[in-house]
Amino acid sequence: MSDEKKFAGYICTGCGIGERLDSSQLEMIATREGKMQSCKQHEMLCSSEGVQLIRDDISNEGATHIMIAACSRRAKVEAFNFTEVAMTRANLREGVIWVRPDEPEHQETTQEMADDYIRMACAELRSMKMPKASGEQTLNKTILVVGGGITGMSAAIESAAAGYPVHIVEKQGALGGQAADYSKAIPTRSPYKEPRDTGVAEMIASIEANDLITVHLNSTVARTAGAPGRFSVDIATESGTVNTETFGAIIQATGFKLYDPSNLPQYGYSKSPDIVTNAELEKLVKDANGGPIKRPSDGKEVKAVAFVQNVGQSSTEEGQLPYHSGIGDLIAIKQAMYFKDQNSDCDTTILFNNLRTPGAAGEDFYRAGQEKMITFSKGNVSEVVPGDSLEVKFQDLILDEETSMQADLVVLDVGMIPNSGPDPYAVPMVIDEEDEAAEDTPPPPSVSVDSILNLDYRQGTDLPHLKNGFTDSHFICFPYETRRTGIYAAGPLRRPMDMRQAQDDAAGAAMKAIQAAENAGKGMAAHPRAGDLSFPSFRMDGCTQCKRCTVECPFGAINEDEKGYPMFNESRCRRCGTCMGACPVRVISFENYSVETVNQQIKNVDVPEEFDEKPRILVLACENDAYPALDQAGMNGVEINPWARVIPVRCLGSVSLSWITDSLNSGYDGIVLMGCAKGDDYQCHFVRGSAMAHERMGKVGDTLSSLNLEPERVVVYEVAITDIERAPKLINDMAETVEKIGLSPFKF
Amino acid sequence: MTEVIATNQTILVVGGGISGLTAALEAAETGKQVVLVEKRPYVGGRVTQLYKYFPKLCYPTCGLEINQRRAKMNPNLTILTMAEVTDIQGEAGNYTASVKISPRYVNDNCTGCGDCAKAVSAEFDDEYNYGLGKRKGAYLPHRMAHPQRYVIDPAILGTEDAEKAKTACKAGAVDLDMQEETVSFKAGAVVWATGWQPYDANKIQPYGYDRFQNVITNVEFERMADPNGPTGGKIVRPSDGEVAKNIAFIQCAGSRDKNHLLHCSRICCMATLKQTHYVQEALGDEGKSTIYYIDIRAIDRFEDFYQTVRENPNVSFIKSKVASITQNRENSNPVLNGVDTEGYHRYANEHDLVVLAVGMQPSVDKSSFPVDIVINEEGFIEPATENGGIFAAGCSSDALDVNRAVQQATGAALRAIQVVNRVAGTEG
Amino acid sequence: MSDLNTAMTERYRNSFLMEVEANVEEGEWVKMCMQCGVCAGSCPLGNAWEHTPQKLFMMIRAGKREAVLSSDAMWMCTSCYNCIARCPRGLPITHIMHGLAHYAKRLGLVPKNQPTQQFSQIFWDNLMKKGRVNELKLGLSMYFKDGFGQGIKNAMANKQLGQNMMKAKRMNAMEFFGGHGIKDTSGLQKMIKKAQEIEDAKYQGNS
Amino acid sequence: MAKKEVSYYPGCSSQTGASSSNMMRATQTMCDELDIQLNEIPDWNCCGASIGYGGGGELPRLTLSARNIALSEQHNPGQEIIATCAACWLSTREAKERLHEDANMFRDANTALNEINLKLNNQTPVRHMVEVLVEDIGFEAIKAKVKKPLEGLKIASYVGCQTNRPFGIAEESFENPVYLDHIIESVGADSIPTYEKKVQCCGGALAFSEPEKSQEMIHGIIEAAYDHGADLIATPCPLCQANVEIYQDQINARFGSKFNMPVVYYSQLMSVAFGRNSKDSALDGQIIRAKSLEDIAGK
């Protein structure tokens, strides 16, 4: 596309816009003030002929920048989908006529609202560039899988099945992970009645037979550098040799460890060899190899076994797990069946509290266990007394009595602990203004665990933890959301799960990894701005190496070069603009979203002189939640004060303080910022964006007092997409505040 | 006439709920051609009818907005609404699907302006609100419905409402002569994501859902708790509109029961624990929740959510499958009869409102299923190789919560991609 | 408190459960109970007995042999079938209750003078005599089960009732002498004797 | 309506001079009107009822019913066995099904039957009289027969246990079966749809052994009927009828109530509505007289 810009405006007069607004005035504003070289009106711009009208101008008139004044940018997206040009949309329907009463006395202010939205859209358009891929990107289809257990093997097999080459890096000398030691597995196919083969052998065989899969045993990841599409990974073997491979994306499947019950003396784990964990029992059964299962202490055949469930799990006690493995009861049923199938006279008792056998498979398997005469008792175990015959003391909750039973062997259901690396954010990152040197040393890891990925990232060596060490996504709707683009966790590392779930999860992670590699190849953003081609660049001469951007990026996308300048790593970037909001010297920008594109909108709003008594309220609304809420308010006909001028932002984290100061300086009377929920249960789609914004706006107070303006002129809110009544109210409240404290003195 | 461009490298996704939508988007964002077939007039399925998600208590429409934006902007994705797959022929890598599209009586000129709805007067039970509210005969199913196109209820055809709607529409979008049509097209792989339906509470006779007004279901309770819902977020008794303060939740209403659903529906425990938050939110310490359960099955990592609810003094737990509900003739209060099985304590507890935690019934009907497929006795599609290029996603495969359903659907998308990539490989 | 009749080592063992499976009508279902308690809440006699069905099933699994067999809970069953209709696991609870009661009776562990046990025995003997139940004799023998004196008292207490029934021709004094019966009484008795033998043989085999 | 022949199993309490001989009479009248011919099973024996369990074991009890079915198959071939007594119907149908499911049990029962040269094929349906009314004849046909609609009568339909569970009538709900309400409405009376004791057990099995327990239940059943303003209670079950009717004096003594609630059979309602007199309708068999019905029958 030639660099010559051609601006074309279009005004839709449908949906009542024509009736409610003076469209010829809008057209005049677009051409005169908005500098649109052409501006056309259409009574139904989204209709096929309306769209054709625009298409023709693009192909015949060479329009490169188009301004569409019609409905909300959220409406008719498919119709107004002109990927080859830069485009802005002025929201005259949801944003103006639907939120204003249709009465003569309001006509003037409603028109002014529309006029301003035209000015803003044109101004934004003029400072926009057409985003195009940077050329930095490369297509690398090879996937790295870290960990060779069930999950890792599945991820490799699934990726290869889609035609993508895979490397597996496994610390041990063989594939298979924990499952390799299991005798059998929980059934994964109906009827869910009998334990099944673990399938480990078959998986290993199919991997060895697969040309697309390369396995590195006795190996670890010594260093991971780069970004999706161009990860450069040093694979180190025990022997010390290191070879470097490049990958498109990474799947981490490093599994779990088991909780150590010796922390809980009441279960006597360390006092008797006949008190074992569920994992240890698997070995015991495997060694018995089909014969009678013997207890460790004296090799006596086990005639009675007690399964103590929920050991150190779902507990509020210090040093125990606040969560539950979720599968302990299914494992106990499976293991009780080991005994029953070997010798039906063996007594097996499962002492549980809430029996967790969910889904179709779970409930079927529970009944199958009962069929085999496994005894289930709702009981809280208080103590396991070691001895030749072990005594299990418990409260039988059904029979409502303190009682006890004898067993030759006691099996403890202990929980899973994710095997993830150190959490980069165990200690919050702060910029030490004084001591520049301090930053070169990376933050200390949360616990003294070895790094797994050894990421060469500014923000730490491994995937951030969500909770309790799990590297799960925070988002219900997006379970593979990750804060390290192109790196996906799978299996019990993410969340406790059994083998069937782990295998499905591996497939999901493989899906995302493949997608990340493909999109990196095209220079397209990953979720949630999937397909976005714009990316941040910065003006080096203006940069003060303050490192705010590198520290505040929620995705650890930005590294620093040796001089301390930011390195953006486009394909790690999620295009939220938090870096832009962080930059005190305004040198960071996207082609189609920058300090300038918003500043121009702010500047071009017509701020009436003081005696007009027409205040102006700037609303910066997150495009993901607050803006849709305002749209829906429009659909519901909820009124919004006519002084308000709403500008959608990619994320509140992208809001530059300069927008606030500039708008105050140019006479705005109030500013309302609307971002998503922050905190533990945050709903910000860019994780920290909203939180950062709130933090930064905390400092606005100083600016205001320096201008001696009232602090209540700038407010920051958490707004949810459901705040259909509340969001408008917050704006209207500001109007009342301005009414109270009077107009800004900064009008010209 | 609807045109569908598809090849044997196209992925057909059946069902546009959160699972189907996810599978479709993940595949489309990997550059695959996808056709999504949805029975309802809009995508998003049942999550659009939920007030909040556990355990974050965040809003389903928040994620829906992102997913719908993804859908609007992705050129690889074709969405057919009010459409049902009636037949699938062929094998992996080469299927031919027949899809029946019911008339919406509104074409895609619709701007979503709502003039048609303003013009008509007749009202109907609002299925989006499980009949707790009313809607017009020309309507947008819900505020965030995608596609943002109105629907004309066939019931008003031939009435003057239909003509009113037609004349009201300046976009010429109302087409009363629209006919049902059947289109057929190729697909290399199929992702089956027809989801679930709430188990019919009328069948659980001892609980008298069909006889007692103050016995409702958990899905109805979601609508009731939603401030944008039919009661404006007020938790009220259907019998007299009074605020319900003492609320009973009955777990396994239809689940884990050979008379109803054999399986455990997995989500109901967490859903109820979540709903006690609604009660707390709406009524503070005034609101009391009592949960009658067999086993509390909080979902592994979410177990801490259960712990926090347990600590709430306004929530109590009784280990008991309620035997029957009777009604206090004076005040229409439901009376729950049963035995607390921890020890032996009989109860006849009176509550203002009873919420039945009804189970998930898979929307997969073996008898009418277009192809021969392995379905287990609970009605879920088995992960069987015999199923060829057809892969279950979400609740067609098992009773799953949203998080797991989406996770599982993402994997299903890959399995579909494996098939079409093989086709691409062989066809060069 | 733990029961003395249950040897420590026998607790939560399958021994008694197996005994029940072998000797009690529908006993093989006991292990399938999931302790939801719907039977307990559905029983119209719930308020009258000490052990609910679901609790009896747990006691069986916990090996509380005597506590179960000497319980009078089973004898409270009115055979209303509520529990069967509602049990989510499809246990034929009514029949298991009858079976447990019958087994307790065979072992002579029924609580002394359990009235329903006595009545059901009287009922059975009554029908065995002539192949059909003789309501008058049934009633009288019930009144007189605790001796002549008590019998007269009971009879007087129900005198009005009796007269009413006679007046309505729904009770017939002549029944006391002979009364209804089937023709082939001996055949019936022979048949039942045979059935009993077969059943006894089965139980012998089990124990 | 074509004549319908059935193999009839009346049961002990329906015999002349027995506690539900009145039902027997009304049933006969009803069947005459509906053109149903009752062919009694020759030399039928007692079903053992549910209470038999204390004395007889499982097989002996099943064998009792097996004999009746075998006799029916021998003497009334091709005819469905129809019972009017809940206990008789339940025991017989249960026996049929148990012997159908359990091959060994079936073999053993036949071994016992062999002692008296009987053989059980177990191919005969065992049905309750109301199934015939509801499924074969239908409410419309019943309506059509009504000569004296029971107008103005408010009748509580008391179904009880064993007619209802475990088998139920015409796949109706166990908790709220409505066939009896429909019958009541078919004969022109008003039913009480919200009568909550409809399927409450009357404790019949304990009436003799533990009267205080059963009478407490009966008290609830009658009280609820009064609360709903019922003139009568109607039931399909002889045990229910007897229990709920005959102990009202004792209950009044025990609970200080003033109950005097007539309890009648559906068959009595029908024969009155069909225009038959009090005697044919066995109203003289009431211990608490059903005056309102007598008046209509007398007209």
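Per-chain residue numbering starts at 1, and chain names A, B, C and D are given in the order in which the chains are listed.
One rule holds in what follows: contacts are C-beta pairs under 8 Å (C-beta built on N, C-alpha and C of every residue); 3 or more make two chains touch, one makes a residue touch a chain.
It should be emphasised that the depicted structure is a prediction, and the values quoted were computed from it without experimental measurement.
**Student:** Measuring between mean CA coordinates, which chain is farthest from chain C?
**Tutor:** So the chain farthest away from chain C turns out to be A.
**Student:** Work out per-chain C-alpha centres and flag the one nearest the whole-protein C-alpha centre.
**Tutor:** Looking at where each chain's C-alpha mean falls, the closest to the middle is B.
**Student:** With contacts counted as defined, which of the two, C-D or B-D, has more C-beta pairs across the interface?
**Tutor:** So, comparing the two chain pairs, more contacts are at C-D.
**Student:** What whole-Å value do you get for the distance between chain A and chain B if each is reduced to the mean of its CA atoms?
**Tutor:** It comes to 24 Å between the two C-alpha centres.
**Student:** Roughly how far is chain B from chain D, centre to centre by C-alpha average, rounded to an integer in Å?
**Tutor:** Taking the average C-alpha coordinate of chain B and of chain D, the gap between them is 46 Å.
**Student:** Using CA atom averages as chain centres, what separation in Å is found between chain A and chain C?
**Tutor:** 64
**Student:** Multi-chain contacts only, two chains or more: what residues does chain B have there?
**Tutor:** 206, 256, 319, 324, 341, 344
**Student:** By residue number and range, which residues of chain D touch two or more other chains?
**Tutor:** Expected reply: 174.
**Student:** Touching two or more other chains, which residues of chain C qualify?
**Tutor:** Where chain C meets two or more other chains at a single residue, that happens at 34-35, 54-55, 82, 86, 89.
**Student:** Strictly by the criterion at the top, what is the full list of touching chain pairs?
**Tutor:** Touch list across chains, by label: A-B, A-C, B-C, B-D, C-D.
**Student:** Given the complex with chain A, which residues does chain B contribute to the contact?
**Tutor:** Checking each residue of chain B against chain A gives 18, 25-26, 29-31, 53, 56-67, 69-70, 72-75, 109, 111-114, 143-144, 148, 170-171, 226-228, 256, 262-264, 266, 295-304, 306-307, 319, 341-344, 374, 376-378, 380, 382-384, 398-400, 402-404, 406-408, 410-415, 417-418, 421-422, 425.
**Student:** So in the complex, the part of chain D that touches chain B is made up of which residues?
**Tutor:** Residues of chain D touching chain B: 173-176, 194, 196, 227.
**Student:** Can you list the chain A residues touching chain B in their complex?
**Tutor:** 14-16, 44, 46-47, 71, 74-78, 81, 93, 158, 161-163, 188-191, 313-314, 316, 322-327, 354-364, 378, 397-398, 400, 467-468, 470, 472, 474-480, 495-497, 500-501, 504-508, 510-512, 514-515, 518-519, 527-528, 530-531, 624-625, 628, 632, 635-636, 676-677, 681, 683, 685, 720-722, 724-725
**Student:** Which of the residues in chain C come into contact with chain A in the complex?
**Tutor:** Where chain C meets chain A, its residues are 1-2, 8-9, 11-14, 17-18, 31-32, 34-35, 54-55, 58-59, 61-62, 89.
**Student:** Report the residues of chain B in contact with chain D in the complex, numbered from low to high.
**Tutor:** Per the touch definition, chain B meets chain D at residues 205-206, 208, 211, 324, 326-327, 329.
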